[in-house]
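Multiple structures are listed underneath, in structure tokens.
Next come two complexes, and both contain subunit A; in the first it sits with subunit B, in the second with subunit C.
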Partner chain A sequence: MAEGKKEQVTQSGIDRRTFIKTTGIVTGSVLLGGFHFVRLSQAQDTGPIKVGFPIPLTGPYGTEAKDQQAGAELAIAQINAKGGILGRKVELLVRDTKLNAAEAARRAKELIESEHVHIMSGVLSAANQLAVNEQCKLHGIPYVSVSQANEITQRPDNSIYTYHEAMDPHMTTQAVGEYVAKKYGKKWYFLTSDYAYGWQMTDGFIRRGKEYGAKSVGETKHPLGTSDYSSYMPRILAAKPDVLFLNNFGKDQINSAKQATAFGLKKKMQIVCPILLMSSRLGGGEEPFDGVIGGTSFYWEMNHPTAKEFVAAFQKANGRPPIDYAGYAYGGVKEILMGVERAGSLDPTKLAEAIEGRTYDNYKGPQWWRPCDHQSQQDVFIIKSKKAKAEYDVFQIIQTVSGKGERLLRTCIEVGQNPSKPIRSGLIEKK
Partner chain B sequence: MEWTAIVMQLFTGLSLGMLYVLLALGLSIIFGLLTVVNFAHGAMYMWGAYAGVATVAITGNFWLALLVAPLVVGGYGLLVERTLIRPLYGRDINYPLLLTFGLQFIMIEIIRIFWGTSDYPFQAPEALSMPLEIFGIFYFPAYRVFVIGLTVVICFVLWFFLERTNLGLIIKAGTRDSLMVKALGIDMGRIWWLVFGIGSALAGIAGVLAAPIRSVFPEMGLAMLVECFVVVVVGGMGSLKGAILSGIIMGEAIAITTLFYPQMADIVIFLVMAVVLLIRPSGLFGRAGLLE
Partner chain C sequence: MEEQVQKQSWWPKLVKVVSDHPLVFIILFFFIIPFIMPYKALATQIIIWGLFALGYNVCLGYTGMLSFGHAAYFGVGSYTTGIVLIRLWPNIWFGIFCGMLMGAITAFVLGYLCIKRRGIYFAMLTMAFAQLIYFLAFQWVDLTGGDNGLRNIPATPVTLFGYDLHIYEPLRFYFFVLFFVILSLLALNRILESPFGQVLQAVRENEPRAKSCGYETTNVRWLAFVISGSISGLAGGLHAIYLHFVGIDSLYWTTSGQVVMMTLLGGMGSFIGPFIGAGIFLYLEDMLSALTSNWMIFLGVIFVLCVLFFPAGVWGTIKNLSTRKKD
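Moving on, here comes the complex of A and B:
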């Protein structure tokens, strides 16, 4: 018996020890060799240009994160099809942040230190963006932020490496607040997600509201990820507002709109979502969002040549139209990569010079990079949820609020920068 | 503050508590008899919601969904007990705990693979979409009133089953001393099987009932599971009376906290738990000695 076994082993040419050794060496070389290879390619600057893309794939913003990824993938596929950047292929490295700032920072650090990414993008939710931005500043990696945040373009967080393609809560509230104040009543109530995003929305609305004589009649802050809002309803009803702002996002937006509808709030007030998401509208269905208005950076049915091109390409790749977060990711990733191409190198100052003050139109109309803080100036669209004639035909653009002449932006001084100079803070010398 | 707002708030708390009651009942009945801590309960609740979405997508009938979801999830529970849980009886309580803990992630992943990570819309049936006038003082969604009513009916049916039928009495006896019941010539294996199925079906019906109120997505059961464990622990592990009372207390605690200090609303249940456990370490109606 033992003899036979031994013979078998010899015949196949491998015994247990050899097997373990071989597997060990193979596994080891796969693990370590990966690093080695990257270092080598890094040194030679001939490997692919790597774009790190940490996003909250799991958690309440998972749907939006998936679209961010699809948008970035499309931008990179198009660039690679035309021969890449600086003659090098571009590669996207996606990581899950789990919508947790500490996790986002770890992922960003891992992408920078182990994967040696050249550029960072992605991330959703302000605290996560700031955490990733911190890592990028520390390592001197350009980061194009594609989700809303105020601080990111503001001292002390912004830097020469930081670009903000997305709108920020301030712009959103200036545009939406202006429309709502003119059109609906002056008594406003805020149901606010209790973190930076929600607070900034409320602050922005109150500031804009004052200019038009609108005032807050109450605010309820709810924890991020609340699934039952019924206990907030009596208080809102008792305050008798004309307008209810849902300053929340993702699943929180769906649940609060769903429940506000069930409690009959729409009969007594206009419901406004500062960012009315197509993913929320699709996930929540027609009834909860019926008649709800809100702001957006992009809607796929908009009538604009670059938008039509983007939508067609996205639809071909994904079998469905893009949401606004896919637009940000597409526009932002494309813009920074094309910037590298124009700059002719990954040098941060040359890259900044190639982007600052540029007017561009990647997917939805003219945008402009403000040199003092790297904020992208853009128009804001006011949309209204409608009865769908087709699956994705869910909104109607009721107004375009022009962003021209920095009218929706905070001033350079407000964000702590010099209006007459491009931002150069945070630049680190690399050996 | 107007008193109507407070009454309405209390009513909201009641409707909030009902989902806890349904889920906690399922967890508690399984634990009471099988001493299995079912970590897959939240995932079963989620499957109930998806079973509801699927039924409505195919037939367009909410009432049918209300019937199909518990049958599907209950059937699945029977399958899980027979194939996965049964081999672990007689071992340490951690074995089934770890098994179901892993099972919930498999269940979530299955939904992610076949249904994606996006939310699914699910509307309350037409007949229940109007707000109802309560006590002539305020309006409340008819659907939530229906959820309260249905939960009361389910609790009553469960009570009747456990207290007034032979099978129910065997289950109750088994909870007290399963060895003795076995000695009387009763096949406890079949009883355990059935009870796991009933507990799972309760999770399924809670899922489909929650779907028109909350969004339907793969991880919807995770947070709910944690809250329901708190409810079960406060009520007393294995006590059905405790699960019902504690579910209602938690719903009210959240509702009242929301009225006065909303930021605390999602941790108030843990505070209640801490206070209850300080005074009664085995929960409101828990049996001393269990799980110690």
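Moving on, here comes the complex of A and C:
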């Protein structure tokens, strides 16, 4: 074959004119002719129900991502053991996003276009979630997000297809801010990572603080990925705050907590990490986090029947207790699949109706789906880092801040939705 | 016997034919890519990055300027196309044109500031300016979406004589992108084959000599830089429409690094080398990351081996081997 082709080309000896002609014809046929052998892809009505699950397996949040995967796998294993959804087995398709938003979007695109997934979940970090959400909105695939972001339940990012099982940064600040204002004093200092996440944290705390008479005595913004915080410490000490908030995440949180401990800040003020992750605590060690308090959606030693069931099943499957991200993934995937079962179909409106306004308890206590923005209302737990008696025994729950009556959520109007109507924006009319 | 001789010598001939008429073969190959790749979105990704690498190669391969800041033109093209579609006019052709134009303008301005420096100073300057633009986009949340990226780029339908082309269907979108890629390939080929293209190579080989022949080499380099920037901007604009999203990472230095890697992998001395490099890089990345989460180690080793043993890149090596055999 190749030989024949070669002969043709060499013998004809393409000159410029023929060359331009051919390329012209070829280009033309790309636009017109090429399109004829394409058929629009059709959704599969038989076979397994596929759940797409892009997560950052490589990159700084690899540990959390593996727990997300384990949580989702557990939910699906339990559902399949009971006969699946709508009589069909459920299948999980995991992809690595490399913690890069464009990569996450491309992976979601692949899952939707080539694997024809029915439901999307997973993803970590706000930017990655929003990128995947774009793809889901475009193709009309229900997406249950299991990591924190404010924007995802806010206009114009959210839609009838978007569900947010995780807490959002706003909820965290409302719960933690309330507890701290009551217990630890009214002079607050913020050490903030200089990007959307950090700013949202500071704004949320200042807003909550006002209700309790607390005020900011200073804020230091540091670039993302700073390793040396020593130059900030004298300023913080000079401001004499009662409470220091570390509005940063991951490695930054570990480094700033370490240096705050080394500078003796703990003796003069209470250190608060709004989102205190078990993985950060395990990675950073006991010393820097000792006595630090923070908020979380779930801690494996909590005393609640569904939590105990979940922890036991997770431990049996993975040989370690779950972190909060495993809980989100387990709860979110289970909830949306059970929603499909109740709706009796994958129709987006029926699915939304089956989920909206529902009170459920999958792994941590009662939760409620707010109809106007598909945000899951839930309790927030205040935890304190303690001296570990066993490998994973690192926190103590010191308070449960109830989320009842939307008291921790932004109002529907604040997120750009109509409080009296369920969200229906972005619905795609299927032919 | 005769057959054997022919068999031994067919592939150097084929390589020669391909390298004599690279365009015809790239275009033929374009029609196969979407069917041999594991999924269509990867094929689209490959031709977009291939276009970016091709634009970059005008700078590195043809003019000999090692720019380490091409993320700026790619990213600016992406953001411009996205922002124009969201805020100004939801028309894809206009959006893509603006992305390309903005890539060229950015390259024009930054080129003016960088072009008089050589070698490592040029690389560092281009990188510094690219990072400057990155942080600008990072902080300017109202316009760019900051860290969260630019979202809600409308999927406006493209019509031809009143007939909706449904370009967002995966294979059709591939051909939609291909249309732009082929146009730019033709344009670039025309430019690089022209006397101006020869001057570029003269500047690369021996700048003082080109200067003494009467060429205003600084301006020549500047113009090459702008052409390179506009192609990068075009690739960026296509990428924005491809994902309906622009991530802040598209402006980050890692994007610049990636395009350098692709170009070196494929072979910077040739017209189609960068395209092949982009294809190999993205395919390997996709394949390896499905097998192991330590894919970067393998890709790194492959890259190091390539640089050590095949400094002319994949395509350059194939070309060299085939000419050697022939003698």
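Miscellaneous remarks
The definition used in the following text is that the second predicted complex is superposed on the first by the 384 of 431 C-alpha atoms of A that agree within 3 Å, B and C clash if a C-alpha of one lies under 4 Å from a C-alpha of the other, contacts with A are read in each partner's own complex, and residues count from 1 in each chain.
Please note the rule applied: contacts are C-beta pairs under 8 Å (C-beta built on N, C-alpha and C of every residue); 3 or more make two chains touch, one makes a residue touch a chain.
This is a predicted model, so every value here is computed, not measured.
When the shared chain is aligned, subunit B comes close enough to touch A:E287, but subunit C does not. Once the two complexes are overlaid on the shared chain, A:N100 sits against subunit C while remaining clear of subunit B. Using the contact criterion defined above for the overlaid structures, shared-chain residue A:T58 touches subunit B and also reaches subunit C. In the superposed model, A:Y197 lies in contact with subunit C only, and not with subunit B. When the two complexes are overlaid on their common chain A, residue A:R235 makes contact with subunit B while staying clear of subunit C. When the two complexes are overlaid on their common chain A, residue A:T226 makes contact with subunit B while staying clear of subunit C. In the superposed model, A:M338 lies in contact with neither subunit B nor subunit C. Shared contact residues of subunit A, touching subunit B in one structure and subunit C in the other: 57-58, 62.
By the touch criterion given at the top, residues 6, 10, 13-14, 17, 21, 23-24, 27, 31, 38-42, 45, 138, 141, 146-149, 151-153, 155, 160, 165-166, 168-172, 175, 178-179, 182-183, 186, 239, 243-250, 289-290, 293-296 of subunit C touch subunit A in their complex.
Those residues of subunit B whose C-beta lies close enough to touch subunit A in the complex are 1-2, 5-6, 8-9, 12-13, 15-16, 117-124, 129, 131, 138-141, 143-144, 212-215, 217, 219-220, 223-224, 254-255, 258-259, 262-263, 265-266. Remark: subunit A residues 57-59, 62-63, 66, 194, 220-223, 225-228, 230-235, 237-238, 251, 254-255, 258-259, 262-264, 279-280, 282-287 touch subunit B in the complex. Contact residues on subunit A toward subunit C in their complex (touch as defined above): 2-3, 6, 9-10, 14, 19, 22-23, 26-27, 30-31, 34-35, 38, 40-41, 57-58, 62, 96, 98, 100-102, 105-106, 109-110, 113-114, 126-127, 130-131, 133-135, 138, 149, 151, 156-157, 195-197.
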